[in-house]
């Protein structure tokens, strides 16, 4: 029998950019007994949830909740709005943008992948001007959708979605705007309605602080209209029956009841604290972590300060240092998990997650583990990042109490 | 803020045919901290799980685990093995067979739905001779798959899958055999390899006693071969990348970590008790419940004793009695949830689930709530079903201790 | 390593008269992180608790909470009000009255134990007239206290405390009135102030539905005054320092923080439902259980219907039947725990607890287990108790919803 | 209804010297259903526990477990071995020694309190030579017991108990040796048998990592013999009936079942890791914390390096700084609880707990919170304690894996 209590004395520090540490309050909610998903109490829960979740996406339109993990919500967005052979414009910001592009290809779409040359795209955000230029060329409107990642989890870059919207509008192009904010929602500022997004894709295991297992499509009227006519075979992901059943708080098939208990608790926590306070808290953590990286004399993966992510920070290792070897030392000596470099970034950097159920001291511990581990690995450091971050935090007031 | 503690004093009796009551032992396992799904401990967990789960399907072939609910696994089975326009033979045994047929249509397949005439199909199992006859006619082998439901949750009928296999073989037909045992696995006898099933579909929230949220495809070599060439667009459901990543205990995208903790615990519980004891326990419960129905002088939905389900029993109400009105009285007065009549059976019957984390006395309580509620609703009863079931149980030995 | 998951499939039925089954809601509350018992949040919790707990004792006076089990609260009542050598009048109602008497002796008091002759006292309640007669004889007021058990857990008799108060008053005697309602509180009607009780002793693991571990002394002004001058050595149990610290919500030494979380939840549950509904619920259960015992043709241990306990019912076995052998069969075959016969009642009867986190169907299951087990043990039964109780319950409305 | 979830985002850092943070593994064990404390499974649990707990006290003699908090175990030790008016020798090492002395007085004993002059006793350990000298004077053997605190929680001093034993022996004095290691057990080296202790007192909420609520008396044959003849009234605390019932794994009255589940888990955790590794871990933490205090240029409360506590460290504030004002800033800004200065140390120092469910990074976070908070409070610091401790930890290997 496998012992699932993997860790030694004390709590493991799970500082990867998701799954994020789940608050005990949410774990307790998830341990409530499973109920009949066709009974009256489930309907009340469903209506409550479907109402509250809109506030986090900042939308008045419906939000679909899938009993499937985030990758499923990517597929759902494509399967509901596009048809086989459709051309879509995707922007390469990193590993997850690349995986989504790969999915579009596998689903029989014709994605066009644009971006900055070489490795540059992995250190900057979406370039709205490139999108605008490409759309202007597409006078025949063969491009049916623009797909971008809001918070690129593999690099720590949070792109400017409003700018992408403006680019599409400036080009006068009818393409749908599909945005992945799986790791951005509830940690980075996000505004589905205001930014004119047609489908927003998100998941449970990041800013919502749930275990993985449920995911989201927030949809515009235009997206719903597209879903009525598109030719992609779809059933599990189809919005129509879900929207119909959701009117009474139900789902057409068995929902993830216990994760929905957790979602309900998560939404209460976020809305009680106030979304603006939640976002400010993540910004403070990100700034503290960057202060440490600077003190160490290391490079941040994101090279454009305007799009630093409040969710995670990529820390670039000096030439010749294998970032994964450093991570391994930190993991084994300090029981601290950091994110690995993915795809083109493999071995070049590691990622510090600063999201979810954390506080300033959790991050001091995390930076401590990074600092000591890098020293043990022989990485030359300019100064103490922990001490610098501590000074930064001490200078910041807490968010106003709620 | 919604109070999720819906129920009054004492424990709610969740006796629907799934989701089944989740043992506390599993809830505790699910509350373990989420770990890095790319870390070394996750890989160990994955390999352990993927090995143990095969024993429950009775297969030496791979079992795919999806971070999605059971309906998704239906779609996965179709999307991996068939191509748009493919003809498939489906057998109408009840509501879930009907929903799967509907899904096949929505996915662009050409399903043919055969069955007994009128309402008869909803009171009997799959008729293997009808399948054999139809396949013999299909000399051009246009039918690419035979799709049947093992345990039809809407009626309480457990069909003879070995007979379906023999029928296909007798017809000398190359069609794949796809079987839904979402509600049968780990409660009713099931043998993926021995019965020559190509894809077995199952879910977490029935005999595995987990909350809903993960689901399964057990696959044959022939099914895997089909998945290499079929033309259905697929990405999330695609077996290839999952099988590849599973070799080291990982998944290509974020798995439902905490539900996998629960699955690991569930498998330990089932294998410690011994699958044969688990199945015997469900058979004893089913026999006890049928004893009660007989004592009440009511009809069982399933009219063929050879295929009575060990998982649930449909209880037919007398003409003129609305089964849902009876269910409502039982729910409100006794805090007991029963399954509603679905589809063609709506209002005609209710369903008693006898699966998962139960024991003999749980079922005595359940039968007590049914009996008292039916009396309150004015349903004429011949005698006391509770007393009869109690006598039945008292005459049965427990399974040999493990 | 010992596996603490002792039970087979399904939930164990813990129908002993305490510890009672703990609601999941309370277990969840108890799993909250331990906090600094000298910090500001603890003080707030303490004040909240100390206020709410008074409502359950129906007193405006202080209630002391000990980080010790109920037996400790017995000792506390004696140690705070009496001096070595003091004479006290105790009434034999059963095993717990006898144990309390034994404790008084061990503590150096001079208890006088009166009661009905032979085994009669174990089948009736406190006889207030005997107490009055004895107090009238005590013209020198040598008896310093009258000690009675409200709900005698060993027999299922709930004595009339108001009558005892009247007896003391009628005799014009200044003795203190000390009452043990360890198993009565929050299940049977109890009124500390109205009945003029000086010290009420109670515990956590019965009607309050907590695990064992904390206990109570509700005190009158007269009792507090006595505690200022009595000569019994006392420190841990001493009220003075606790009352002083309680003013700000603290304790002089480390309290049982996590059990206090549970108590807070328990009090919320009881007060939300309404104490009068809670008491009515226990009366309904007791009446249902007695209906079953009558249908079986067996005797109830309590021979005076005026003092039947709403908390538990003692079921007398026919001559020649060893009650513990019957209990063993029920336990092993049906995973149902019943209370053993204690002291003079050993082997003669078993006790069915109907308290705490139960509902009507839990008791139907319990009666079912008893009935089937007695049949297996060869106990001759007149008729079906389960069926009778079911009819009784079906005829009773639920308490008005809150 | 009081919200018991007191803390903002992330986990509260509970770094007081007890109650210590409870591992989730123990909280899960404590959430198991309460069972019949007179049933067969309880007896098995009791025997298992009573066996394993001896290993932690390093004794072959019985260990009594009380369903009461640690202060109760103090009283139990006195009440079982001494008689009213008995003279006992107690040594003033700090606040808890003082409270124990106060208890002895309240219980009618005649304690003599010796120690170093002025505040010195609060900054050093027990002086065995003073004890020896006093015992030599007591030629009439009027002193019946020597009472000392092993780990003085109010100061961070761990006295040399073996030296006290040698002192008593050197004086040829028959006094019993009573030792409080409430906060030392399972964090600091302790040897009941080897050191010839007669009664060892301990509690659950420190090194055993449980919530408060159960406590211990480990006893010698000599102590048991004394308990047979002493004249203190005793019942709840009396060893005789407990030792008798313990033979079969039971207790004479209701034990704290759910805390015993937790104890069983705690003992498994400690014994699996190996006590010597547990102790080494606490020594490493203590050394790291002292490294930080030194880097800050502050004084440690304990002035004798030979008796530095591995459990907690007292940090002395500069003259004129109110330590409690500093603690308040740290608590409010960083959600970190530190121990207050108690008794004579009030306002002069704060205490950092480094015990229980911690790891190196937890302590880095704690030191970070202290450092930033002291800066915010205007405490002049010589250098960065966090950075120094981090360097210290990085230079220390982990204990050998088990």
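Letters A, B, C and D mark the chains in the order given here, with residues in each chain numbered from 1 onward.
FYI, a contact is a pair of C-beta atoms (placed from the backbone, for glycine too) under 8 Å apart; a residue touches a chain by one contact, two chains touch by 3 or more.
The structure displayed is predicted, hence computed values, not measured ones.
Student: Can you tell me the least number of steps between chain A and chain D, where a step is a move to a chain it touches?
Tutor: The fewest steps needed to get from chain A to chain D is 1.
Student: So which one's got more C-beta contacts, B-C or B-D?
Tutor: By the number of C-beta pairs in contact, the winner is B-C.
Student: So, what's the distance in Å between the C-alpha centres of chain D and chain B?
Tutor: 54
Student: Report the inter-chain centroid distance for chain A and chain B in whole angstrom, where each centroid is the mean of the CA atoms.
Tutor: Each chain's C-alpha centroid was found; their separation is 34 Å.
Student: Find the geometric centre of each of chain B and chain C from their Cα atoms only, then give the gap between the two centres in Å, rounded to an integer.
Tutor: Centres of chain B and chain C (C-alpha means) sit 46 Å apart.
Student: Where in chain B do residues touch two or more other chains at once?
Tutor: 5, 11, 31-33
Student: Residues of chain B touching chain C in their complex?
Tutor: So the residues of chain B touching chain C come out as 5, 8-11, 13, 25, 273, 281, 333-336, 357-362, 364-366, 368-369, 371-373, 375-376, 384, 386-387, 390-391, 393-394, 398.
Student: Flag every residue of chain B that touches chain D in the complex, lowest number first.
Tutor: 24, 28, 31-33
Student: Taking the complex as given, what residues does chain D use to touch chain C?
Tutor: Its residues touching chain C are 1-2, 4-7, 11-12, 14, 16, 18-22, 27, 29-39, 41, 44-45, 48, 66-72, 74-75, 84, 102-103, 106-108, 203, 205, 211-214, 232-236, 238, 253-259, 261, 264-265, 268, 331, 337, 340.
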